[in-house]
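Let me begin by presenting the structure, written as structure tokens, before commenting on it.
Note that the chains are named A, B, C and D in the order they appear, and that numbering of residues resets to 1 at the start of each chain.
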Amino acid sequence: MKLTVLINCPDQSGIIRSVTTFIHKQKGNVVYLDQHVDKQAGVFFMRLQSEFENTVSLDHFKHDFEKEVAHGFNMEWDAYTDGHQPKMAVFVSKYNHCLYDLLSRYNSGELSVEIPFILSNHKDLEYVAEQFNIPYFHIPVTKENKAEAEDKQLDLLKKFDVDFIVLARYMQIVSPKVINVFPQRIINIHHSFLPAFAGAKPYHAAFNRGVKIIGATSHYVTEDLDAGPIIEQDVTTVSHTHSVKDFIAKGRDLERIVLSRAVQLHVARKTMVYNNKTVIFS
Amino acid sequence: MKLTVLINCPDQSGIIRSVTTFIHKQKGNVVYLDQHVDKQAGVFFMRLQSEFENTVSLDHFKHDFEKEVAHGFNMEWDAYTDGHQPKMAVFVSKYNHCLYDLLSRYNSGELSVEIPFILSNHKDLEYVAEQFNIPYFHIPVTKENKAEAEDKQLDLLKKFDVDFIVLARYMQIVSPKVINVFPQRIINIHHSFLPAFAGAKPYHAAFNRGVKIIGATSHYVTEDLDAGPIIEQDVTTVSHTHSVKDFIAKGRDLERIVLSRAVQLHVARKTMVYNNKTVIFS
Amino acid sequence: MKLTVLINCPDQSGIIRSVTTFIHKQKGNVVYLDQHVDKQAGVFFMRLQSEFENTVSLDHFKHDFEKEVAHGFNMEWDAYTDGHQPKMAVFVSKYNHCLYDLLSRYNSGELSVEIPFILSNHKDLEYVAEQFNIPYFHIPVTKENKAEAEDKQLDLLKKFDVDFIVLARYMQIVSPKVINVFPQRIINIHHSFLPAFAGAKPYHAAFNRGVKIIGATSHYVTEDLDAGPIIEQDVTTVSHTHSVKDFIAKGRDLERIVLSRAVQLHVARKTMVYNNKTVIFS
Amino acid sequence: MKLTVLINCPDQSGIIRSVTTFIHKQKGNVVYLDQHVDKQAGVFFMRLQSEFENTVSLDHFKHDFEKEVAHGFNMEWDAYTDGHQPKMAVFVSKYNHCLYDLLSRYNSGELSVEIPFILSNHKDLEYVAEQFNIPYFHIPVTKENKAEAEDKQLDLLKKFDVDFIVLARYMQIVSPKVINVFPQRIINIHHSFLPAFAGAKPYHAAFNRGVKIIGATSHYVTEDLDAGPIIEQDVTTVSHTHSVKDFIAKGRDLERIVLSRAVQLHVARKTMVYNNKTVIFS
């Protein structure tokens, strides 16, 4: 049996010793430990995996860990057993490349999640959902009905017990009403190397500025547009020979891969957020 | 004998045919041709190299080319023979990494220029100039004496017949007085992936934003700060484990290499500027 | 109407002039020209695109071009009109990631081909073909029946008038019988940075050698295993923290993208082969 | 006061707990911990940094750590205090780019070492040593005098109490006589992406194979030529437009940066060797 523990707390002496001693007492063996100290903020972060010969009750472990270790260090923490598959809702609009990428990884077993549904403000990608046999909900969003549409979204998210949302080129601004229910659990892909070219039409802006490299950025969604904690970024070279259309085509490959990596990191519980930045464990 | 011709003109039919026919008549052989059409702007760009069995007078060539070809197509153009070494002045402040990089390439014969002098607002790097036996001029710049200091700079640039200027982490804003004398002939290195983090302290800004990639950008200097035509960019990955100090250290390697590549492209006459963007020939 | 011409011939004076003059006479306008001279081999390569106001007969163009230009320069050449979609057969085995990538690009209109069928020595990926509504032929290959199986393959390739074949992790050695019918028209993806780790199990070999970077290579298939002309390569970093399983997972993303780029280049007729190497036009 | 401990030992339960408990007892605070388990080999690796409020005697620490912790776990280990500058000898031949890079970093304070001397089989780079005011020893090596020349090298290395050797394009095979005195303490830069193109003239071999990416590899020297544990690799793209000369020029920038990074990792004691592979701590 394998247990992963994620911790953050005020930096102080003795944390690693206390945690590893506790694991040892529970007859567990630490097989991986990655820690980080943000010295400016005075915060300690740790991700630890341990193996137990005998089955351990997760509830007992949590109860004892809180009492014997976490409380004293003022920790925010959580523990997970192997094999738990989070429920991931995918929001899309009209572009299919990120959706295809996620679904083919899902079908290959590369992506260890359940996908209860795909949701869109358009009907365009219903055929993709059908190809992969996943429910597709069409909830049109207009200026007038936005609040109402988001209520419908929240109903679905609740009904299907969704753990986190992936905006796979959703092209709509998600309002605080939804964000607050899924803090640090909505992953967006923005088609630029943020913070350059936030907002609409980043490839056009990059083309006009004459940059020699374009990028894509995946981040957790916060109320500030395109300003949430960055999970993953990647770039590719461009030149004067490329048109805006070429930028968009090259960018699609970046978007696919960057979003996919961010989702994988989130699912593997290798991300932690602090001060609008991420710690990405190895 | 080898001749390089750089051309830009309104896009129209028959340009390549006319130029190559002219070269043929002069008993030259085209050994390289790279062209580009900016369709939005309606502009044609070309870089062409030709070899001549017999020596050709550059003046005659230029006179005939203007009359028989360039005039009709309304070309802006220039022609260069091999082996001309442009005179490059280097402006520095207190950081030595870009200067060392340029000078060691210069000493190795990698960089085909003359360096008549190094100029600085500080005395700190005089010892580097001495190591490489290059004159070093110390012209302090303050708010009060800036205009006067730039006059002194211009005197030196004129006296030594300088072709172009490299700001190797010069850390001072160059005023239009100097820029206008060296249009598209002042190359700067900015320590960020522009347009992100223009202005001062880009590594600190990148750290605070929590980016996963940092960059460096070399561009021609225009009156708009850090907004001139981009010649070359490169990036490197960073993570939460890196401090601002680490960003700066990793960035130094980017700055070195990006500035050096931009200078090489300029010296090889592979750059052309249009609409605040560059065409970089292969 | 747009016409693309691909040429290679012994390097000699006057080629560009003659070709562009011919285009001009036909009332065409050269909109793109990329040329390359392999000085060691003494060979000239060119890719040229021209636009014609009036419709031109491709046959007439070809006839006249051969007579007036190509013959004199001893050219190997071909000309293509826009919009021709080549027929691409996909050979697979059990891995689905490259197949999914190609099919989702095909479905998105990113990949301008027809896919008459998918062929495999296993039944495993039939469901993917069904998802995308493409015929799937299952031709088992064993040591004993290989010659016979390849005859069946050739029958299908002929029947469906296939232009080129993509081996999307086919995992079988293709024999000269098939290669000779499709010279420089079979594209393979090898899961290493060739020439390192040719042959079987390259990720295991890379892991054992302790490399810090792994790669993938797409090449035209020749009789020498994994030794054909390289079309495209890409790499990604690895470290001691990665297991062979991690290498394979990271490698899948490389394989997808490298194969896809190679196929795109082939379809756009931007590749030319000479001396077991490729010229890749911009 | 800061202490860095490097450990490897058979993988077993309780290692982290025991080490951190020991540090805690010594009134130290763990500020960084990176560990790795090679599951195939059954080996545990750790790098740990701790801060002590009061000064600790390194000798006492080592004595107690061996007795109370290391002995029981059968550890190979070492401990280092801050600020120790290792003595680095640089061996060169005729190429100056790696030497210039190392010396300019050394002069900038980027590279925290002492350089007691530069050694060469040629006189060509004596002027560089003079520029940076470092002793230069010229020991010619021929087939006939190789054993004798290496004796002279060993005398110098001993006399100057050298900790490790950097082969900055030394172009000579170092024999076991020298390697055995500096096991895992001779760092070489090979101008290819190993294991591809080991041996002589790798850029020519890469050019002839028509690769689209070239690389450089820094590794510890072992008796097997170009087959020692890899510390660092990097790559850059090339195309058919590049000649062998271009490969060499682009490669120089790779060699500089890859060798410099490897040296930095070694000096920071972030490398550990096992089974002819490296663990590179973060």
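The criterion applied here is as follows: a residue touches a chain if its C-beta (ideal position, glycine included) is under 8 Å from a C-beta of that chain, and two chains touch if they have at least 3 such contacts.
What you see is a predicted model; the values in this text were computed from it and never measured.
Q: Could you tell me which chain lies farthest from subunit A when each chain's centre is the average position of its Cα atoms?
A: B
Q: Please tell me the distance, in whole Å, between the geometric centres of subunit B and subunit C computed from their C-alpha atoms.
A: 38
Q: What whole-Å value do you get for the distance between subunit C and subunit D if each is reduced to the mean of its CA atoms?
A: Subunit C and subunit D have C-alpha centres separated by 42 Å.
Q: Which residue numbers or ranges of subunit D touch two or more of the other chains?
A: Counting only residues that touch two or more other chains, subunit D contributes 241, 282.
Q: Looking at which chains touch which, would you call it a line, ring, star, complete or other?
A: complete
Q: Write out the stretch or stretches of subunit A touching subunit C in their complex.
A: Touch list, subunit A to subunit C: 96-97, 100-101, 104-105, 107-108, 110, 131-132, 241, 249, 252-253, 257, 260, 282.
Q: Which of the residues in subunit B end up touching subunit C in this complex?
A: Touching subunit C: residues 13-14, 16-17, 20-21, 23-24, 29-35, 37, 282 of subunit B.
Q: What residues of subunit B sit close enough to touch subunit A in their complex?
A: 36, 38-39, 193-197, 209-213, 215, 229-235, 239-241, 243, 276-280
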